[in-house]
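Just passing along the structure, written as structure tokens.
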């Protein structure tokens, strides 16, 4: 961070740009000016906070303000431009619906996230991990399986979903299967790469101790692979949720986030659709954040984690 | 080259497993048919039947192979029944979305690296954006864009862009930050301007990261294009083929579209790999 | 020529043959119209497209249109080419379903995305709960096809007389293996494919005039298709960009669809409308629509078009 | 503000007109770290005259690099003042007053050796021909002629280090700041480069600030040896070398040489015992 | 095969019973690379007796590391033979006959200093208490007591290097193979560690093979100095030190010392001119 580039552009240039933007907005539609004003306001507040970097809570506040700015622009824009609710509801309406439909959202959350995504995630990542260790032991498999694996990983899973629904039925098992397929290869590739990431000297050291395969695996290769494994887990965490939801489009019981979304679009209940999307975003971000947190604990020693305090 | 034998071995193993799996997967339907027809099935009959059903649960590899052959080589490429025609439709949306996503991704990454406020505010939202199920948004995106008169390639490309900008941002932020402090200090001692530092140091240093993320982005972009083709209805493209196959229970058609899509992705990724090799070689970064 | 965009409810197939025939045979052109037909798909809600201004007129089912109207999207039926309903529930006898009394405890496949309304009101008329409770039925959202029936995942699935039913037959089940419940026979039929526009547009005389010409040409197309089913099927096939439809299936579909359009000259029959509304209102605790809709249809267009 | 500062610099400029090219007065630098502040430099004052060859020696972490970085305006002192060529370090940097050789070679792997050396020239806007001529000349100087088209990884560590020296010599800065440039080399190669550096210095009359860990190297090269000691980093001894300007390698066995080396060693040891 | 080989080893064992702990005969090692073969070792023969302190010195790339790695069974010679403790290098490695100190510290960043040092002990199955006691003892030895709970990146380079030496000393191997262990240290610390190493060696009677770039270091430490030269890597001179076993630091100013140093320097220079 010591190398932040400080551009010494004179301040008036920035303001001139802002003024120009306002002028252009005003020329198109006066309402745009207000929307733009919200944006600039949020930006200025964030700029001020960022300057006082000593406030270490800036790391949380700044993205929050950024998000609030976006929501405010959405709300105000929605109201002023009178966008139909069957196309895009306002954040306030979504929030109201969120509160009113807590029970439905919870049922859907359990069905999709806890049953579908989480079980698939655990199963997929777990089996990929085990296979990675096995592959790592047999270079022949590595040479043969990885290119094929990369090809399979390129399969658009949206296409797999109907097939897996056909195979595993319409309940959460098929959603978990889709998730397994989705997370398997990213996890496999990352773990294999991680297990190979030890440098020659670290391995030679183990050889000088005449250490056994398992000792080397446990004491050297697995710890060294952790940053890669977490990379895989992070990718998998975003994929898992998407996979579980997507699979519900191809057949499902009458609960679940994907089911609710598609049904509600058909009923023009867009506020409920967006409430589900909010749940998905929160669940996904929390899932991702949880893994990132765990990563920080487990790979505290890695340079990418050390720099942060 | 040394991986040819292992790859062939693995592929044959997969094929063998595939054939074997097809028997139990498709057997219930075979028995069902036999029962209703009132005949007994010998093992031979069973195997023969499971490898030749019209709408099998799991089509045998040769069935898929024949379908692909018939819909590529034996069809005029302008025919709507040609998989090549549909691949091209999907590919054009993929490439446009990929281009847009790459540009957006790089611009965001540059902003994040050069602007402190962006650095602190944008990233969590970029991550959150990827947790939104795109398939849920896709129809709405298409309807909304339709409403303002945009249709055809662009809506699909925008969905592709949505999926593909993410790996590019992540990779490029890492890449643009990959120069060591010392290398930045060097630039400083020469009193280089920010743009000189960008073009002569940060950008070249980020090349390996860029290419790695481009490969991921290309695969993601293809998924986006296919997702974009689902809600627009079975109009054209591999996504439409998947949908139509699914609608009519034509598993063979689904599988052949799937394999085409994977092949398309593999070819595009390999192409990026080739460019990567050439560029990095010219930059002296690959041996 | 005046531009008109038509949003279909589903993918290009003989279900919409009338419009394709009218386009192909130049009936629209004769009326000085330049018509664009947009195929639909599983996630395209015609109501939403209409609201977003992506189309001037859509083909939709009346329950969805009335539900949208209650949501504040004023859709108006301007013509009703489909006289009767083609919807039915197709069951496997070997799953133990031979009559309506067998439903409790069974798993039934249903289409959602705005197509679930007729089913829901039927079930509530039968007094069967659909949320998995005791003595009710288990509902599953069936995907795009009839797999759940073939795979024995459901005892019954929703089918259309002109489409999915034949996929079941093609898959190898015989009519003897099956027990079908037509919504028409059960007295719960609702109006299907009608033409809908936004109410506010109708106030505009030029729009009204366009619709008059559009409906006139479309009905001409329908009648032509009824008389020349094979030619109509071919025209549909030519317009199918996915190249996935087969001639056999479309010809058969055209013949079945012809049975549904046969009784209609395009004008909405008020009795059918009342029956549909009654069925939708009678949904017990959770009706599809909660109050008698007003102004949900007009004869203005058909009156001018057909005279 | 800017004018005021400039005025101050001018004032200093006239003060040091006598010849101090680099002049540090009471320099203080404290790093804020997680474990509390680190006092890297404390009350460091030093004048370096034009044409001096000054070596900095001291135990690891005593602030040698930090001091050099202050001269280069890569680090901002938290107290005291430093002027380079009579102006502030920042202005001197903007005027490209010095060439800096970092402890590691730090060549850009995507540029050839020639491309690496011409990089600062490109940035400073030299013409293409001029760039070519200068690259050729400095490659000659560090005996790397013929390696212009090679990439860094095709060279041994020592050759890379020489290329990085060439890079700092390519443009006309008459101050050279070098941070352990020969640390990674074996003794023979190192001796050779020491000789070359002395010749270059004698010919061009550059002012050189040079960090090293090796006592013989410091004594052999310098006109002035600055001994530093850590926690907080400060100057404990400044030794003016009695050795003549012309120094064959075997001067290292003369009693004068050994005498100076001894004094440096004593100074170092004292610093170590302190810490 | 195995029996045959073992029999051969036994035979050798009796041959070298006289005392050669490490015995290389006509060792050849060629690396196959993209640019053709690299002849890293050619006809290298050397006997190291029990209790010897042998230094290897030579220009970069002459095969010092390669030779050490052959002794450690980390590299397979393409010709000739090597025995360690009378058995093949592979068997010696399996018997954990030696401790190896690599050129870079190579500590595992996810383990504390203490954890790093106890790593080989865990692998070799020492009891928990024994591990604790040994870690404490060797930390004391390299003057890192109190740093047991720190992580490697929290230590300076020199301290890391010392920790890696401690790691090699923690278990009872009576051969110590050290590849430029003090390369990254400043002169004072280096002197100090040199003294410590000599003390340890005198006390434990270990056999030590030691690679260095520094002539004074080689002369100060060794009973035997092996000078090597590159392309192909071979031994050009083996010097038995006339210095007494007990060596205070100022022995380095005695004429004997300077004499040996001179001979080493000449040997080195000859190798350089060759190449």
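Observations on the model:
By written order: A, B, C, D and E. Residues from 1 in each chain.
By our rule, a residue touches a chain if its C-beta (ideal position, glycine included) is under 8 Å from a C-beta of that chain, and two chains touch if they have at least 3 such contacts.
Everything quoted here is computed from the prediction, not taken from an experiment.
Shared contact partners of chain B and chain D do not exist in this assembly. Shared contacts of chain B and chain C, meaning chains that touch the two of them, come down to A. Contact tally for A-C versus A-E: the pair with more C-beta pairs in contact is A-C.
Taking the mean of all protein C-alpha atoms as the reference point, the chain centroid lying nearest to it belongs to A.
Chain C and chain E, compared by their mean Cα positions, are separated by 86 Å.
Centre-to-centre separation between chain A and chain B, using Cα means, comes to 18 Å. With centres taken as mean Cα positions, chain E sits 53 Å from chain B.
Chain B has residues 57, 135, 139-140, 143-144, 147, 185, 230, 246 in contact with two or more other chains. The residues of chain D never reach two or more other chains; the list is empty.
Among the residues of chain C, those in touch with two or more other chains are 42-43, 45, 48, 52, 143-144, 147, 151.
Listed by chain label, the pairs that touch are A-B, A-C, A-E, B-C, B-D, D-E. If you check the complex, the residues on chain E that touch chain A are 69, 72-74, 93-96, 98-100, 102, 104, 106, 108-110, 119-120, 122-124, 151, 153. Listing the residues of chain D that touch chain E in their complex gives 59-61, 156-158, 185-189, 213-215, 258, 265, 268-269, 272. Remark: chain B residues 2-3, 5-11, 14, 25, 57-58, 114, 116-117, 120-125, 127-137, 139-140, 143-144, 147, 181, 184-185, 194, 197, 219, 222-223, 226-227, 230, 239, 242, 246, 251, 254-255, 257-258, 261-263, 265-266, 269 touch chain A in the complex. Residue ranges of chain A in contact with chain B, taken from their complex: 2-5, 7, 43, 46-47, 50, 53, 58-59, 62-63, 65-67, 70, 87-88, 140-145, 147-148, 150-160, 162-163, 166-167, 238, 241-242, 245-246, 249-250, 257-258, 261-262, 265, 270, 273, 276-277, 280-281, 283-285, 287-288. In the complex of the two chains, the chain B residues touching chain C come out as 29, 32-33, 36, 55, 57, 79-82, 85-86, 135, 138-140, 142-144, 146-147, 151, 230-236, 240-241, 243-250, 253.
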